[in-house]
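Next come two complexes, and both contain subunit A; in the first it sits with subunit B, in the second with subunit C.
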Partner chain A sequence: MEVAPPKGRSGGAAWGLWLARRLGLAVLTLWLVSVVVFLATAALGDPVRAILGRDYDSNVARRQQLEAQLGVGDSIVSRYVDWLGGLVRGDFGTSLANQLPVGTQISSTVANTLVLVLLSALVMIPLAFGIAMVSAHYRRKRPDTVIQTILLALAGVPEFVTGILLVAVFSTSVFNVLPAVTLVAPGASPWDEPKGMVLPVATLVVAVTPYVSRIVRATLLEVLDSDYVELARLKGIPEPVVMRKHALLNAIVPGIQVIALQLAWLAGGVVLVETLFSYPGVGKQLVDAVRNHDVPVVQALSMIIAGVYIVVNLVADLLSILLTPRARTAISS
Partner chain B sequence: MSAATTPGTASAGAGATGPAPESFFRKALRQKRFAFGFSLTLAIVVFAVVAPFLSPFGEKETAGPPYSPDGIFGTDYLGQDVLSRLMHGGQSILVISVLATLLGMVVGVLVGVIAAYAGGWWDEVIMRLNDVVLAFPQILLALVVLTALQDPGAWVIVVLIGISHAPRVARVSRGVALGIVSRDFVVAAEALGERRSRVIVAEVLPNMTGPLLAEAGLRLTYSIGVVASLGFLGFAADPGAANWGQMIFENRLGLQTQPWAVVAPVLVIGIFTVATNLMADGLAQASQKGD
Partner chain C sequence: MTTTTSESEHQVRRTAGLVIEGLGVSLTGSHVDVVDDIDLVLKPGEVVGLVGESGSGKTTVGTSLLAYSRAGAEISSGKVVLEDRDVLSLPWKEVRKLRGEEIAYVPQDPASALNPSIRIGKQLVELQQLRGIGTSESRLQAARDGLTEVGLPSDDEFLRRYAHQLSGGQVQRVALAMAFLPKPKVLVLDEPTTGLDVTTQKMVLDTMAELCRTYGVSALYVTHDLAVVANIADRVAVMYAGQIAELGPRDTIFANPSHPYTRALLDSIPHLSQARALKGIPGRTPSPGRRPDGCRFNDRCAFVVDRCRTEVPALRTVAPEHEVRCHRVGEIGTWDINIGTVPDADPDRPREVILSVEGLNVFYGRKQVVHDVTFDLAKGEVVALVGESGSGKTTISRSVGGLHKEWTGSLTFEGRELARSARQRSAEDRRRMQYIFQNPYLSLNPRLTIEQIIKRPMELFGLAKGKEATDRVVELMGQVALGPQMLHYQASRLSGGERQRVAIARALAAEPDVMICDEITSALDVSVQGSIVELLEGLRLERGISMLFVTHNLALVRSIAARVEILQAGSVVESGPVATVMDTPREEYTRTLLSNSPRID
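Moving on, here comes the complex of A and B:
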């Protein structure tokens, strides 16, 4: 996605044009995503056969009922149009597994996952910026190298690896201080038991911090080596102030971009983390639905996850332009 | 996304010839990170390939009661020897990850270079379509397709992971190629009337080897992660077979009583991804330093 400042004659019109184009692209992408999701779930394989397995030939009644529910027999185009029409009206269809409307089933899990992701972001952002500042302060000296090597090593490790190691250390094998699974009573919320949130959040934080921290450090170093920071130092401004006022502020915009990418990526990470901790969110629900071949639920959840990615990117682009003076003034001049 | 660097600024080699692969490898070996990551990766690959011949028990052989402490790592939920399962379980992950990485690299580089070279309207359309696939986290793309399949074979997983790599590789290689297609030797080759496909193969691609190798290393890291994750979620291609990801899925409930059945495969996967990631970063740094 481009962050190019909108060029134009009058400020307002240029902004409107940029925003309209950007929104149009987002809608177009979302529509294509819906085509991919539908084709992948409805056209590539045969969900009815996958659900019934060996009973496909013997259990005719159940087969016909499932086929009727999925609309097997109608043309793929009309099934897609029906499904998309439902989505636009907010109707996600009916689950194949328990015959309940998908919309009511996913509303609470979406909320649970949002809380998990937001909590992780709240911990991750200051942590990542803090590590980056420490690392940039000792640039190219021993502590910097050590921090960067550790971050690099952590960056490629799958979430479930860190998650299981955290569980082994903090709840089963070494210490016995935190619960290994998030137990939620019916009708209650996962955050009613804060201790159960600690390990899932910690796992997500460990998964995401390295990327953000490395990008922010790279930006900080670029700024700290620049002429105007040199001038600020020569004027006698103390180094901590240089770091805070000159370097950090300039690292925020690239930071926003990478945080947005990572937040969207967290949507994939929660699949593993929620399954590991039995956290009642979108990711665990998705894995269960894939296991049961529950097509309508998978379609709804993947549209939501992809949609969140698109919206987060849109917001990040908008924020980047608003926070970059060069891009802002390019419009009014 | 990229854990290593943005190779967009990298332009390995100055002339039309490009750096010879040996010299690039030497240069990379001088990077401590690459040397360390490369040897560790090599060690794990050798372990995965050779170990099945040395294992004390067979892949699906019962060695004792379930979750007993017999042997170095004890036994798993079916009473199979954990060490033997560990020794058998590397091959499938290795083969699937490498094939998926290759597929993703080939498709992604082709798409990216064509987008950069064609430019204009084509570039715009290709990159927009790219954004569509990018909207799916890698694991999600695989899960969505697996929903409607009954017993997915290993090749399905290879294709799914390869496809989910392609747009990410395409983005990077487009960025690298953009810095090359406007250079004099490419323009000169065009002026001499070379065919477009030949210009791409003979002039553009050889000058991208450094950044592309780094990207391949990074992709290998993610391939291992996604393959292992699918196993961990219980979607391995061959349910009974030993597979590091699958082993974690099978023995998770016994984490309290017999931690090694879970922790041993977890550690191997962790070490493997750390090694490939360090290797990828070393390659990226070597390709950025130029000659």
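Moving on, here comes the complex of A and C:
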């Protein structure tokens, strides 16, 4: 068998090309999403009639103002092009509900949600991998069975039920140590009151950890049966090092893919959890915007959520490749 | 370090050796023995070959020396004594310290035994680093020296490689270097050359033998191939069904094999010097818990008497250092290496060409892998394509079979030009040319029963259906020596040899005129290889089927083929009748291949 020697640093150009291709695909995906979002929100039915309801006939001035703002008279294509042009320039339009620029209105909620998701990820990732390692170490023995049963039960419980239970335990019925709702003063951020973040983060961690943990455990079990782990043991490598260096390194990639999907899902707004804790996040705002027929806000939030999905998955793919030598060297040579 | 000091060091080291006493391994939670009653001594600096078919427990014995058993089994009795310490009763921490440093292990499958995510330089020094032996510079230097010793480059670029950037032989030599790095006293090698071609195998074996000699290491070499052992071992232990059946110095084992099982194994090995009618061993190795009473070999033995079925034989000393576990030792005559020898295929036999390949060039994308290959195949003839890995032999057979279509040249079947890919060929052409794959574990659909698998080609080509097809399936299974009770089995219940028989029966079901056999015995035990070859030879004689036989085993070629094409880097370097090419090779490359092949004759 002929084996190409590794190219080392000269693979920079190849990496650039790979990244450019993936970014191009990401932009293409985002564009397709924009078409779907626009068609679904603006092009179907008469938004002005939907917004004004019974006032449609009586409040002529408001109707004309809305029609002008939404460009009802123009063709769908030109409205889409206008909207897309705005998006590219970073202009999300003006809210129909309060006539404020959408950008300033959603920026704080988007930041709130991202902080919530990042905090959850920081807690969840080590926790999930830790549980998976313990579980794999005791495979099919009592501790493993107990852990797997608990994880499966947690995965089966809806996240708002977990939230209610946590509230009951830590802020109302049993202990009274943590606030049950997030109170945010105008102009402040939820994390100004760190205690208030604990329960929302805990709820999301409990919601996501079981999936990640189970996938990582399954992969770990497979890797622990491999010849190279056997060789490491026969070489006299201590079991913790075998687990950390030889097994985990090769089991991490499927974990990353699941984590990416779960984080993107969280970023999409866990409406029920946000509502439960009155957390000012994307999910809650999206629901409000849909209820108010605030089309520009719905469009903007949808695009941002899609963007987060694409970025998170791109990062996950990149990490997966960086952590798999075979894939990594395939690109750079 | 100068040579003199290192030599004196080795002389000091030549005191160790390892003693295995009454070793037994059983399935966890039951009293079913996987291996039992193993007594074996590894003298200092000695290589002992441990030989047996799959399922004989040889690997289990090998890893027991490191106090390790695979999941589902545990070491239940016995001692492994290294320098007055019983490895099996040492505290866990000391066992771990002993592994690698004093007893090292070289794994079976080179491709999967190195961690794919860790650079080899790091893997080489990992143990020393964890134990805090030396400084990082001295460890790095030791790794470089180790790689040089096994004949590999030792520059930074090589140390930075991952396992997938090495060839099979290189990976195996890295594994050897890794095992030798801590200068162990005992080495366990678990079929370290299975799957390597003869040239690489020779290189790995030579490296191993030299390192063992240099460092006075005792080695246990586990393998299923007696031919390999004949070239490197000082003593040989033949294992059957969890016990040692025969043990003795190498020359005694090969000159005077006294256990019927050892003889049967030797009968299944092809020779380089002369064609043989190879024979397999009927039946299969019984799994733990299903081993017969009395002598465990009694149901497959040609010399069985009533006593063998009731009385358990003990390992008896028949000559100095020569022990045999057989009631009838001494009663069953002597063994002659020339039993089963048959005349080579007649080079002057008239040939009626059925398939001819002319000017074949094969490409993978823009890369040309086969250059201008021309050969032909006559009716009822076996032509062997021989070469190292990467010589293009499988690529050629895939192109001929229509599985790879990026080729130019001409392929004529009974005077008609064949299309490039199997899809473009007529159903009749496809039926008449059948392909049998290397790995029977992957080539049978695990969801279908054996009946469905063999019936499929008949339905596909409209040869038979319904009851008639089932009858044909039973008949074909009879021809490949499978019982009709297997009709409704799924492939997972069959052993490797049985699976390959099913694959052959599937090919036969299409009533082909040409069979392309792509390394069909290389994943199998030698004894199973013997019976498969016996089967193919019978089919060739009875049905006049022509075969294109791809292999890297030259000895096998001598016994099965009439003509041989020696391939190197995608070109034919020498071709002709088997006896001519192998007795009077013209090319240097052919001579190298022949001298690298392990032989017992």
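Simple rule for what comes next: the second predicted complex is superposed on the first by the 310 of 333 C-alpha atoms of A that agree within 3 Å, B and C clash if a C-alpha of one lies under 4 Å from a C-alpha of the other, contacts with A are read in each partner's own complex, and residues count from 1 in each chain.
Everything below uses one rule, namely that contacts are C-beta pairs under 8 Å (C-beta built on N, C-alpha and C of every residue); 3 or more make two chains touch, one makes a residue touch a chain.
This one's a predicted model, so the numbers in the text were calculated from it and none came from an experiment.
S.K.: Between subunit B (first) and subunit C (second), which does A:Leu17 come into contact with in this model arrangement: first, second, both, or neither?
M.R.: The answer is neither, since A:Leu17 touches no partner chain.
S.K.: Which touches a greater number of subunit A residues, subunit B or subunit C?
M.R.: Counting residues of subunit A touched by each partner, the higher count goes to B.
S.K.: Would you check which partner chain A:Val161 touches, where first means subunit B only, second means subunit C only, and both and neither mean what they say?
M.R.: First partner only.
S.K.: Following superposition on chain A, which residues of subunit A contact subunit B and also contact subunit C?
M.R.: The overlap between the subunit B and subunit C interfaces on subunit A comprises residues 1.
S.K.: Which of the residues in subunit A come into contact with subunit C in the complex?
M.R.: Residues of subunit A touching subunit C: 1-6, 8, 225-228, 230-238, 241, 245-246, 249-250, 323-326, 329.
S.K.: Inside the complex, what are the residues of subunit A that reach subunit B?
M.R.: 1, 25, 28-30, 32-33, 36-37, 40-42, 44-47, 49-50, 53, 149, 152-153, 155-162, 164-165, 167-168, 172-173, 180, 210-211, 214, 261, 264-265, 267-269, 271-272, 275, 286-287, 289-291, 293-295, 298, 302, 305-306, 309-310
S.K.: Quick one: in the complex, what on subunit C touches subunit A?
M.R.: Residues in contact with subunit A: 63, 66, 68, 70-71, 96-101, 104-105, 107-109, 112-118, 126-127, 130, 157, 160-162, 164-168, 170, 175, 178, 389-390.
S.K.: Quick one: in the complex, what on subunit B touches subunit A?
M.R.: Touching subunit A: residues 1, 3-4, 33, 128-129, 131-141, 143-150, 218, 221-222, 224-226, 228-229, 232-235, 248, 255-256, 259, 262-263, 266, 269-270, 273-274, 276-278, 280-281 of subunit B.
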